Amino acid sequence: MPTHITPKDFEIKHLNMSPKIREECGVFGIYGVEDAAAVTTLGLHALQHRGQEACGIASFDGKFHSERHLGLVGENFTGKDLRQRLPGHVAIGHNRYSTAGQTLLRNTQPLFAEMDSGGLAIAHNGHLTNAYLLREQLVHDGAIFQSTSDTEVVLHLVSRSRRTSFIDRFIDALRQIDGGFAFVGITNKKLIGARDRLGIRPLVLGKKGDAYILASETCALDMIDAELVREIEPGEVVVITKDGAKNKIEFIRAFPKVPKRPCVFEFVYFARPDSIVGGQSVYEVRKRMGMRLAKECPADVDLIIPVPDSGVPAALGFAQAASIPFELGIIRNHYVGRTFIQPTQAIRDIGVRLKHSANHTLIKGKKVLLVDDSIVRGTTSTKIVRMIRDAGAAEVHFRSASPEIRHPDFYGVDMPSTDKLLAANYDLEGMRELLGADSLGFLSIEGLYSAIGDLTRNDEYPQFSDHCFTGEYPTSLVDNERKNSGENPQLSFLVDVA
Amino acid sequence: MPTHITPKDFEIKHLNMSPKIREECGVFGIYGVEDAAAVTTLGLHALQHRGQEACGIASFDGKFHSERHLGLVGENFTGKDLRQRLPGHVAIGHNRYSTAGQTLLRNTQPLFAEMDSGGLAIAHNGHLTNAYLLREQLVHDGAIFQSTSDTEVVLHLVSRSRRTSFIDRFIDALRQIDGGFAFVGITNKKLIGARDRLGIRPLVLGKKGDAYILASETCALDMIDAELVREIEPGEVVVITKDGAKNKIEFIRAFPKVPKRPCVFEFVYFARPDSIVGGQSVYEVRKRMGMRLAKECPADVDLIIPVPDSGVPAALGFAQAASIPFELGIIRNHYVGRTFIQPTQAIRDIGVRLKHSANHTLIKGKKVLLVDDSIVRGTTSTKIVRMIRDAGAAEVHFRSASPEIRHPDFYGVDMPSTDKLLAANYDLEGMRELLGADSLGFLSIEGLYSAIGDLTRNDEYPQFSDHCFTGEYPTSLVDNERKNSGENPQLSFLVDVA
Amino acid sequence: MPTHITPKDFEIKHLNMSPKIREECGVFGIYGVEDAAAVTTLGLHALQHRGQEACGIASFDGKFHSERHLGLVGENFTGKDLRQRLPGHVAIGHNRYSTAGQTLLRNTQPLFAEMDSGGLAIAHNGHLTNAYLLREQLVHDGAIFQSTSDTEVVLHLVSRSRRTSFIDRFIDALRQIDGGFAFVGITNKKLIGARDRLGIRPLVLGKKGDAYILASETCALDMIDAELVREIEPGEVVVITKDGAKNKIEFIRAFPKVPKRPCVFEFVYFARPDSIVGGQSVYEVRKRMGMRLAKECPADVDLIIPVPDSGVPAALGFAQAASIPFELGIIRNHYVGRTFIQPTQAIRDIGVRLKHSANHTLIKGKKVLLVDDSIVRGTTSTKIVRMIRDAGAAEVHFRSASPEIRHPDFYGVDMPSTDKLLAANYDLEGMRELLGADSLGFLSIEGLYSAIGDLTRNDEYPQFSDHCFTGEYPTSLVDNERKNSGENPQLSFLVDVA
Amino acid sequence: MPTHITPKDFEIKHLNMSPKIREECGVFGIYGVEDAAAVTTLGLHALQHRGQEACGIASFDGKFHSERHLGLVGENFTGKDLRQRLPGHVAIGHNRYSTAGQTLLRNTQPLFAEMDSGGLAIAHNGHLTNAYLLREQLVHDGAIFQSTSDTEVVLHLVSRSRRTSFIDRFIDALRQIDGGFAFVGITNKKLIGARDRLGIRPLVLGKKGDAYILASETCALDMIDAELVREIEPGEVVVITKDGAKNKIEFIRAFPKVPKRPCVFEFVYFARPDSIVGGQSVYEVRKRMGMRLAKECPADVDLIIPVPDSGVPAALGFAQAASIPFELGIIRNHYVGRTFIQPTQAIRDIGVRLKHSANHTLIKGKKVLLVDDSIVRGTTSTKIVRMIRDAGAAEVHFRSASPEIRHPDFYGVDMPSTDKLLAANYDLEGMRELLGADSLGFLSIEGLYSAIGDLTRNDEYPQFSDHCFTGEYPTSLVDNERKNSGENPQLSFLVDVA
């Protein structure tokens, strides 16, 4: 006989398994290599952790070629005819998470525009904080938008600029936008890159033989055996083009120099551990966060268990600093499907189980410390604490290797609004109670800066975009302010079904 | 043992089965009916003969909704959730053959633009003869095009017009374009329609209860039980909107009145035989063409066989006038797939056989007259004559129920260039020889006008756009002239793979 | 304002457009030609009218290759790699309508079995009247069925036969089955064909160079330029194989000779008009049906309108015999999609309109005679009569070019059960009233035989399988009798979703 | 200018990323729960690591329902209508890697047969070592196979058994087969399970409320909150059915009791670390392997780096035993696509990079020890050693946490043939040289047994199926012997394209 079920369990639920913070995007560009598109697929694959929703590549061989898909690079850019489909020695690519604009193919980048000066394909990591305002003005002036992506604003600004040279027009456009951004683009002749004036979003320059590469992270350079030249500077525009038989690179400072403020979340969560950010190994920084955390918020436990996979380096650091065994107490299921149907038979916290399983034998009767990189909403953390407790742990303690997240981001990080951020709504004891943990601790801001290390040798603060922890936003937030004051009218967007 | 095959047969050929003249498009719009999109699918289905390459519907219910597909209406606009996908009391739809722009989903109509004045979705039958010139100017002024369709030019012209009211902006745009066109569009509040100043492309107004309908042909009105109000006049703009609880219709003359010159090919080939064009039954006109042809070019034969399906009414008329039996000597295969693989074993004229089969028993030993609506390239006609002869006919005569086509079209009819038009390159005897027919005859221009009937009661000539027969183009052909003089630079279009 | 609609119109209806009688299947086989599969696609395309639900091809080149799809031949057997996918000089193919078994890919033919004697692929047109009984016995003996198709019974009978040679085993199997069938099959070495003992289902033999062809109809031979050798005799098995360098054909009489009784519906409806059945042109027979009908049931009308397309030859014959104009009063829409959504706005008889439109101008005020090949349920006929009357006809008369259908078929024709056959439930006046026609007439059985012509020179009756008109079934109907007596238990079929 | 490339790089390569040993399959069954199919999707998801090629579920609610797909459970068994598609309180499911039979949907399990005694759906983990011989005999006796899967042999044996009760027939079938297997099946009334006489393949019994569960591993029980009852004994058949309102379970010993010999690879590689096998935590066993390895083959290094993910527990054990830091020196990319196109520009070991990246900063200048669970072909290990060396390691040592694999498996583990097994062809020094490691070590057989722990308290050897290390196969290998002696004729399998 079927086990008894309660009526509320009857409803069908799709169990979605999305990450807690969604990365904004990854970009890649290469100039001067045979099969530029094939190399770009490898670069984008290395950057896949920065966005899995959609991907696109544009190449140029006298004509522009473009292909955009929903899904992963490795699922889409396959087929022996890739070289025929995307020929050329120049290509750019994009992995996307939607931070602005609906999840539609027509919002997938690279975006393309044919202009008086020729074609321009462009891809973008970040978010413009005055995109709505600019869009309104542009539409008022007769511009027609093909997407709901904020990136398209830049295309129109370039297209309408009264400057003569393409680079001047591009810079003209950049000076009108605000926010955090890293652009890669190709024109009839050039590969271009640009980073916002504060360097909020990352962009690095690499070299492989004669070829130049632009990428969001150094791990994309490693993938294709290229060497890191340096990070693109805040406010810098880089232009790669041909000079006779050689490739020429030109650096243009599009904005006055100000102290840089790269996004601190690249260290906390986004960047791959094997990437180098600001001269620092991300893996080492995360381990140091864990080590510092061990000092700031020690825990008397038998085992340290990372919340996989993002909590692993910090947990290792904590374990080494505290000389407590590091153990794999949570097994991650890598074969993640999109959706499952909730059986009427109630199974508690099924969403978490689909990705994570508790290692019962290990946990039973033990005092356990869970280490994660951060706590955003707290919903997943709560379920994981409960899962570990259900597995028989004597005590369950929780540590976040970054400070309390109290403020939303507006520069390309898909984070929930303030009312959904755990730390914005509860004090430490309230959070601990909600999580159901025996103790709870967060790394301090100072601890975070200290872990990042020699970037912080001087005493100026802040040196990063750390507004999620501090509320100190590095730029104005026009669209957001207008939205809050009700000035920002909803544009009559098309609801495009297909 | 396999039969002998010659090396040249080894190559793989895809056997394409496309019609000889491809229609330009069909448009449909309805205002003031529940499930406007579902009604639009029926209207588009009735207009499916005007374009089978792609189809799209846009509806409005406070927001715009749009869905566009490659393929037939009945293959795509299905599913119980159609009402949810395309809600609203107003909708427009489009069946497309590409006469300009590549066959891509992003070229599929309706096109949409968000403007300062609100949203505009638009669909278009016809072709603009100065679209390239206008596009160049618009791109020069910073416009970014989302498609390669000439229709998008109109969106930009409306968007950039300095007039205040939407209708003034729309008319402002229409006055800048040249060529043959019938537009339907929806804004936040209105259903609009417009026809070019000479009425080259057709557009009719219908009514069903309180609802108004715009359609390319009356057969779309019959499909949904609507009654014909009248044809939209050349140069007329019609605006349907709400006036309190009722629907209001307004007619605006956007151009000075000139003698109308509708496209004569609607009678010859395009329109469905059960449609009424210019007050005349298309079926009756085609039968009269056949009757007149029987007088102008009689044939001493045993049987009259129509080339199916377009030659049927003329063949019936010919048979009735000449008192010769009308017989189905060619059987049409309606289950047409896209492509077949040519077997290495040579089979002559396989492309024609896939659509047509000779009725051997009927034909054997008989003197046969084939009647078709027209001859364009002559390639299919040649294969059909040969098929009938191979089936054992004693004699094979051929008659075209329209005059010799000697000039290409530039108003939305997909016709080959002059060097591929049979009658532009051969005299009557040359054509007869090429076709392999025992005799060949074409209806005269006078015969054509006479068959069309009381439209031609007055003596003014021409009364139609008959340039394919006469070379007298009713408008200027700016793009074409620039192209011929080499002035029209190829824009650096994106070659979009997906 | 949206027009008023009644509540019952709100429900969503999918408007299906299926033919009134569904043909059972078409088969094709070829031996001794390069690219046998490519030639088979052409043969199946010519037989597409016999089944559009699914299609399959099996070829042999040392190994068996097989591909089966839902949908049309021309939609599926495409792609430049067809030769690689289905290599070999021998192939068979099948077009299918489901008369037994669910519409699943695993029911799609050819079916294949590996046997002790080697592989066997088989395709089948017809229906076995003792398939259920045999299946039960086979399952009882441990056979495992892979499909719910009656064809598979034959595979098991062959596989379990205790005879030695393959042909003996095949004949052994044929002798156990009852019903109407035409089989084509391939083994490691042979192409085989077989026809039931009464020749109910058709099968013809053709030749093209050295290659032999088996096909349901001669139109498949015409398509590939092959010549008709003769019909396979009732109860005959034909075996084509290699004899040194040549192809050898062998004819085996598997059953004692009895008077043949081919299915009369091949003349009435199934066969393509350009096919030759029993030495007669199907087109000519249908015209003679119309001529005879004109004598048996004359009508005083202005116009004769065929119900397209199946009524056309009979209508032509009627018109010629009665000297009344034949006119295209109903326009058929060939771009038929699968399903449409019924708008809430009621549109009467929308299902019929999707396929047929009335030619209003022609019909208005006229006395009209509609001629169709047959009347089955009468539902479509009723809607067509109403459509013609709504178009303004002064009188609407209806004639069926075949006798009243009063009995179902069990030999492969998908016909409704007795309670849904119009003529089984109403007398002539009742039918006329239901149809809403001013008069109604059916061809007599004698008229039908007379139209078929010289097949009927001798006086023996019946000479055809005409049980649908007469109730005289040519074979026993074991499954049906057991079903009626409740003896036939429902087997626990798997409901296979995918 | 494009960098120079050598001609051999021009060829297009698809970079495949498959695991080194492929697991055989996972099975799951549940009786007595609402939405049995939805629960089964969760169970299969937990077992996804055992097979990712295809998956299938069969349920029973009076009728059998079945759905089978290529790909992952979470990609396929979705959609709100899952309950409608697969209704019932009983269901079984299967995750598959092909160890026998082509990768075709018709080989995907569960397989179904309708028998005299009713329907039977069956799924199978393992491999039958006399399947070919039995198949030959069955085909000789007239059986027709629907798949090339060895599982189908069992269906035919059951179907043809002369016993009366279903369970007797099932046991009759089991007694004829040899090899390693775990079966789950459903009949009209029962859920059944069975394990081979030596318990080579795993199967556990769980309970959740009144419902009974069968699964390959305990992690599937954890997923659905069920408790482990016990492992199914070697040679045991379990039958779950309804007894009035309750569910009844019956245990039948189908084979005489012999010492069990479960597959040792479940500990080494297959089972998920959080599963309990033979009463032991797999995670703990693996850690102990690493600890023992640290004693048997110590290494003087700075860091211990696991080859992710399978080497992690052993590396942790090694690090803890040796007090050397455990570090994440290899980052695994989880977003694995199927195929990439190799750029003409040569990138060394690109296949490995697509999955693994070296953490350069960490590795540079360090003496590194890589720990993996085993070495099969050695190709991936070679590339990983090279990748670590390229990243700047001063020394690279390698340890395998299991003994040398010298013999292939025939019980459901997809392992290469002897000529491709590294340890079967090289001595230790030869292997070290090939791998390019500074030192190489393998765990001893004794070490392995010792790590497995209290299972080995008694002194009998062997206690596991450890033939891959020892060559001592626990059963006869009929098919393999016949194949080697050339007796095993290739059956004329159909090459089924679709």
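Details
Should a chain be cited, it is by its letter among A, B, C and D, assigned in written order, with residues numbered from 1 in that chain.
Assume contacts are C-beta pairs under 8 Å (C-beta built on N, C-alpha and C of every residue); 3 or more make two chains touch, one makes a residue touch a chain.
Computed from a prediction, not measured in an experiment: that's the story for all the values here.
With contact taken as defined at the outset, there is no chain that touches chain A as well as chain B.
Across the assembly, the mean Cα position most removed from that of chain B is the one of D.
One finds 50 Å separating the Cα centroids of chain C and chain D. Chain centres here are Cα averages; for chain B and chain C they lie 35 Å apart.
Rounded to whole angstrom units, the spacing between the C-alpha centres of chain B and chain D is 61. Among all residues of chain A, none touch two or more other chains. Within the complex, the chain D residues that touch chain A are 1-5, 12, 14, 32-35, 38-39, 41-42, 45-46, 48-49, 52, 72-80, 82-83, 89, 208-211, 219, 222-225, 242, 245-247, 272-274, 276, 281, 283-284, 309, 312-313, 316, 320, 325-328, 331, 333-345, 347-348, 350, 353-354, 357-362. Of all the residues in chain A, the ones that touch chain B in their complex are 63-69, 85-86, 106, 112-116, 118-119, 121, 139-140, 142-146, 152, 155-156, 159-161, 188, 491-498.
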